[in-house]
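The data blocks that follow each hold one structure.
Okay, so chain A shows up in both of these, paired with chain B first and chain C after.
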Partner chain A sequence: MAFDINFDWTGSISEVTLGATKAQGGTRSVSYTIGRDTTLPFLSPDSGTPSPLIAFEICDYPVYWSPLIRKYCGDLCDHVDQWATAAEKTYGADMVRLHLTSTKQRNFSDIASVGKTVESVLSATSLPLIIEGSNEPKIDSEVFQKCGESAQGERLLLGTAEASRYRSIAAAALAYNHSVIAQSPIDINLAKQLNILLKEIGVQRDHIVIDPYTGALGYGFEYSYSAMERIRFSALKGDTDLAMPMICSSADTLTIKEVREADEKGQDEMAIKWEFYTGFAAAVAGSEIICVRHPETIPMLKAAFASLRNGAKSAGVP
Partner chain B sequence: MTDVSQAKKTGEDRLKATISSITHTFTYEETAYHLPISYALTGIPVHDQKAALDVFAKTGSNPLVASECILADRTATNGKDDAPFTGFISDTVIRKLGYSLVDGSILGLALIVGTPKSADRASAICRELQEKYMLTFLAGGVVPSLSGAGVKLGLDYRLIPLGSTPAYGIHFVDIIARVAMMFGGVTPGDIHRLLTYAAERAKAIVIVFPGLSDEEIALVDGMRVLGFPILSLDDYTGGEWIAEKPESVVRTGMDLKGIRVNVTAIPIPMGCSPAFEGKSIRKEEMYVEFGGGRSPAFELLRMQPVDAIEDGKVTVIGPEIDSMKEGSANPLAIIIDVAGKTMKKDYEPVLERRIHNFVNYGEGSWHVAQRDLIWVRISKEVVAKGIKIEHIGKLLASKFRMDFPQLLDAVAVTLITDPDKVLAAKKEAETVYEERDARIKGMRDADINTYYSCTLCQTFAPNHVCVITPERPALCGAISWLDGKIAFEMSPSGANQPIEKGSVINELTGEYEGVNRFVKKASHGEIERCALYSVMEYPMTCCGCFEAIALMLPEVNGIMVVNREFKGITPSGMTFSTLAGTIGGGAQTPGFAGISKYYILSDKFLQGEGGIERLVWMPAQLREELRPRLIKKLEEWGHPDLFDKIADESNAATIEDLIAYLESVHHPARSMKPLM
Partner chain C sequence: MALKALDIYKLLPKKNCKECGDPTCLTFAMKLAGGKADVDLCPYLDDEAKSVLGATTRPPIRLVKVGVGERSFAVGEEFVLYRHEKTFYHPPGIIFKVLDTQTEEEIAAVVKRVRDESFTRVGTDLRFNGIAIENVSGSAELFAKAVGTVENNADLPPILMAKSTEALTAALVHCGSYRPLIHAATKENYKDMCALAKQHGCPLVIRSSSLDDLVSLAKDCNAGGVKNLVLDLAPASLRDFIIGSTTVRQLAITRAVPDLGYPVFLDTTVTGLEDAALTLGIVKYASVIVTNPLSPASTKAALTLRQNIYTDPQKPIQMNPGLYRIGSPGKDAPVLMTVNFSLTFFTLEGYLESSRIPCFMLIVDTEGLSVLTAVAAGKLSETLVRDSIKKFAVEEEVSHRKLIIPGYASPLSGRIEEATGWKVLVGPRDAAEIGEYLHEEWKQ
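== the complex of A and B ==
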């Protein structure tokens, strides 16, 4: 029986382009356009983007990074450019998400180094980049300016704007044509409010990706899931202020009790599984970019996404 | 003295003659916007005389276009000015400048042209501009004057010397034209959007010292079309320039463009952010409380003349928190005095409603309801950190200034905790509330095509939509139709939006096609239909803030009303709080409606159910509160004897009692069309 998978929804998710190839004025080997869904994810093999993108997260100052990942990735962690190359060539990620954790150091002021890091990562990988800028409001302005400028033309995704601090990121996005991650604390109304704030300052809809904030599975993920579901339903029902693609990072999964307390042999496996299931659930809820930190999570997610597509098709679900 | 309008005329003629004599071709390097002003206005890239004259003609002989072309031609002939002058500024630098503007690290732009009579004057003005986060461009004699006085120039000092003569001031305009195209989404050739952007978004002022040629006067005067105030010091009369004194010129200019230095941090010992808004403070966590029926409390925001208020002043009258007993209920008056050039008396109730949000922003302060129904709690946790009543005042004063920078110039807060003084002030507040209610009296829903929505409560009831009409205030009782209209004027993308009511679906129940469409959208598709005057069919959704609940009692074929203050069990078998828990959260519950108390006196109340004759029960206290007004209304409606037939808890505590009572008084509801 024919079944309308668009129900009576009229809205669609806006398109956001990430990364620019040479022809588009950048240096990336690929450019992704996410969004344009008119229904829930995985209902049809033909709808929306092919599969959620998987972004591998790296950082330029690994002191604050999960010891588990530091151990697994070894020396790479101390060479952010090589780590970025590995993300692309060895781990098979779709994107690289660079956290500028060096800016977290007390009284950090070496803004020029930020530009150098961004440039070195851009030349180490040809994948589109997500950059997480400073964590300190005092240096936001300089850090985001530098990130935006160093990667002009590359169509970065810049993070992370929050209701209380979004101006610097918005300014960098506007000045150098990048897109913005807009994060709200698991709350549909705050998500909408932030999008409106960004709109008022001049950031266009097709330059915004919503981060609804992802709790670890079993540690609040159900709230994230519910917020994401509502954001997506509102978008499909025509609320254009919420009709943006979503991004989720399951980074919290690496610090939960089950991972911390697992015996040394099983620790990696526990972390991978937890990261996998959280990321997978986020994808089902509609996230189009899933960020992971453990390299081994990547092939698992890829296989799972593929089976969801093919599974749906072969089972004859419309 | 130079007569501006005279000089401008001569200047314009000379500009016209000069632009016709351009001979060279010219190109600025490091820009994708050609001659930016000409390009933004017409979309035509100008590089020679032919194109220059074309654009000049197309823009009605605009002096800015002429000045831009002439300077470009001159630069091509004579080369750039030497350092420190920047001349034409590259796109890369403009991106950085635009970044700082969006980012908020620069609040606005200023241009200073001409030659000051003394270097001290110029340097004082520049210092003030620097202190107020303005980025200043300089052209003409002011530059050597400042360098001579030892003032450091350059981008790092936010003082940029454009060129040796005031004619270089044109670069100030080409910068703004490029910012509009890069950041404002203005497409080249879209004059209308460019002018709107310049007038509304570009926060720019121009300060003029003496010594301008006629052409330069024409150029500066041409900037008025962009909405920049032209402030002159010495030597100029006539025209539309604003004569100013050196000591006040910066303030006047910034005021005229609404550029304000913002407060960013609130100096109190607890967190303050919208993130805390949804929390609650339970009885066990609370240190003290105010109002909520346990002690007298109210809030009032009123407008005052600007000189009557000291901005930021917080006064506490009565005992501070450290002399209050833990767990006790205390009297409280929150009185906020505000002043502002654009503030209107009509805005008072709308701003007053924000007290609710702001108090809830505090990590350990909690607020519900409004007017003289407020209920405020402060947690043990923050009292241990040193929070005092005074800090709540500081929080309110800062938040009002931060959130309404355009509207309010000064905010002072008085908090009264002395019992007698609270009661005295409350009387005064009640008259104000009555005046506000009276203002909307006499307006009829039928005469008006635009209603207003309120979705303030969507923070905790995500699909709730209040539809506010002249005869049906918001269910919290705090926002009337007029308030909705004003709130929309003040913040066009806020929680109060206009609703075109559209064609009538059912006049009796108050169902309109336009209202339905709006409600469906604003409730994220959850609610399809909304009948404004009905309890039974498609009633409005309820958030949780309703002053009272109207609900159907099938046993007596009537409708009862219970208000928030009533603590007992109603004939429905439930208390107010149980009922509120059942119907709140943004749901539509046929048979139940959240209403304001004032709505009971509206002609529209219960219209869908056949009128006021349906009203069978309400708490004695509410009945007394409404007595004089309700009796008058009942007479108007032709039921002079109905008031005494409405039962209360004294004569009908249970549904059985109510059936018997209504029987004994021959209440008209019994013989009306069955509700179900």
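== the complex of A and C ==
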């Protein structure tokens, strides 16, 4: 007797392509196509997708970044291009997520510098990029336009669209063939609504990645975990407006009490473990891009994903 | 096919004798229908009624108790694949492993950690659950000695991990009456293991990487009189585990394969990826998880994850309404009003603490709803804010009359001003921006 579980799913997750190689009109050394799965995460024999992908987050104005990471990464934080190179060569990330924190400065208006930053990061790493644009509605349009243009052909993932502001980012994505992160506040219905809004202005399913919003472990993570499971479940049940891959970024992790109040010696480990437990559980719930800020979380996640995806044994992993 | 409560009631003796613990046969029938009671609790059922009822009313996953006394724990009796469908009921026991080749001091130190260590989150004490002792020495004598050391230091639920019945017999002398979980019966040794478990009334782990074997082991052990079973899927990788445990859970809760209706065991120490295996076990249906003693960081992360996943999604965790202090706020410190949804509270509290501006948080009772939902549902109103200011004597704490409200509550700002006589300042919608907001707006 063979024991198979058959859920009678009818839907599948739509494919989204991140990054473009030379042959595809870009300059990346690799291009990932995620999505495609037809059952719960990690249950299919081999979906052939490279996910979950690990994205290392960096920024161009580190004043707003966690002091813990600034200390760990040192001078790299002041040179966003070198930081991006390290993400690929030293830390072993699959993607780089660039936060344009410089645009958060009061009365920021130097849009040309945004283009330069994007270009310098593109030449510093050959990995596909996620770019987080402005935080300020007034300059959204110009910032996203500049990002989109500077990385034309590279199949970026642009963030972050929300129900209250998605037009500028969608316009930039449509004009330059990039994809969009669609974020909703831990609510499957709001996630669906935003996807429909994006669809209505022309952003195709295969250009959307859902961010259900990740609350830090101990600070609402259970809501995010269940939102992810429900989105995946609805997608498999055939709801095409929710059948997009998901991204998890637990950005609050580095500011929570447990990490802040850990003694200096244990602070890095606390941050790494907190990022790991959150990111790994989110991947099991269906997230296909896991964002981290601590470099040491990356090898842990990699080894765990290998064992989960291929049944790889953990030989050689400390 | 599940029976309705009334169909079940027809098969019961209708004596209302209360011997099952329920006041009437009807309430017992309702419990059976919900999978919340065991047919065996009724002493007057004939065999035929039992066999009809047994298969359809017993909880789809058997409740198995490990240990005795205050620290004993029960696992199983789960009903769903996803926590959002209902909830997960019985959090996995997380067990520290010691080896019988370790010194007495080393073993005692681990036991004392499990005995004493705990930390409080959202009003609940989080702790580890027991001690597993593994017979790696090959000596029955050393194994029994190690078990004795564990028992001398604490009354914790023990798991006896040994291949030889000789070692187990020696160890059971020390803890046989404390309901240790015995690990593990396999195709080769199940007869002897079963006899031991039956003799001491212990729960028993059955182990095989084949579900076919587990089904036949479960049948054989049941026939041998051991009903409290736990399944070890003997996974060689995390992939093996997620496929195996999901399969077992799905086949058990749908009652497709009742012989797989038992809690699942996971030994993370053999994977080489302990944090990953622990995370996976917690979210994907492991009920007894054995691990090496964890570092302080892994301890907090694992216990917090377990608490998160086993929180009932239908009951948001609420904070007590009241006036909370961040730092030591003075008479001129800002007052920030928000709702008593725990997630809102903790998120805001975190950002306020890192802003380093002493202030008051005025938490009003929205029955655990978030700001957005509370505004939409009318649970957050100007009268609630006015009454809360009074009830918690905010006017005695500060000399000013300015109240910062969440961005999502902005539709209420005018009405709150009218009702309270306070000046209302609309804060940001995202708690992450509160530090910046206070630095820029409050200082003026």
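Quick note on the criterion: the second predicted complex is superposed on the first by the 298 of 318 C-alpha atoms of A that agree within 3 Å, B and C clash if a C-alpha of one lies under 4 Å from a C-alpha of the other, contacts with A are read in each partner's own complex, and residues count from 1 in each chain.
Note that a contact is a pair of C-beta atoms (placed from the backbone, for glycine too) under 8 Å apart; a residue touches a chain by one contact, two chains touch by 3 or more.
Since the structure is predicted, the reported quantities are computational estimates derived from the model, not experimental observations.
Undergrad: Go through the superposed model and pick first if A:Ala175 touches only chain B, second if only chain C, both, or neither.
TA: The first partner, chain B, only.
Undergrad: Classify the contacts of A:Lys257 with the two partner chains as first (chain B alone), second (chain C alone), both, or neither.
TA: After superposing on A, A:Lys257 lies in contact with chain C but is clear of chain B.
Undergrad: In the superposed model, does chain B or chain C contact more residues of chain A?
TA: In the superposed model, C touches more residues of chain A.
Undergrad: Would you sort A:Ala304 into first (chain B), second (chain C), both or neither based on which partner it touches?
TA: The second partner, chain C, only.
Undergrad: Determine, under the contact definition given at the top, whether A:Asn189 touches first (chain B), second (chain C), both, or neither.
TA: A:Asn189: touches chain B, not chain C.
Undergrad: Touching A:Arg230, do we find chain B (first), chain C (second), both, or neither?
TA: both
Undergrad: Under the contact rule defined above, give the chain A residues that sit at the interface with chain B and also at the interface with chain C.
TA: 185, 230, 233
Undergrad: What part of chain C is in contact with chain A in the complex they form?
TA: Residues 82-84, 121, 211-212, 215, 236-240, 242-243, 246-247, 250-251, 257, 271-273, 275-276, 279-280, 282-284, 295-298, 300-302, 304-305, 307-309, 311, 313, 343, 346-347, 350-351, 353-354, 372, 432 of chain C touch chain A in their complex.
Undergrad: Considering only the defined contacts, which chain B positions touch chain A in the complex?
TA: 95-96, 98-105, 182-185, 273-275, 278, 458-459, 462, 493, 521, 524-525
Undergrad: Help me check something: in the complex, which residues belonging to chain A touch chain C?
TA: 1, 3-5, 7, 40, 42-43, 185, 215, 217-223, 225-226, 229-230, 233, 252, 255-258, 260, 262, 266, 269-270, 272-274, 276-277, 280-281, 284-285, 300, 303-304, 307-315, 317
Undergrad: Please give the residue numbers of chain A that touch chain B in the complex, ascending.
TA: Chain A reaches chain B through residues 141, 144-145, 148-149, 163-164, 167-168, 170-172, 174-176, 185, 187-190, 196, 200-202, 204, 230, 233-234, 237-239.
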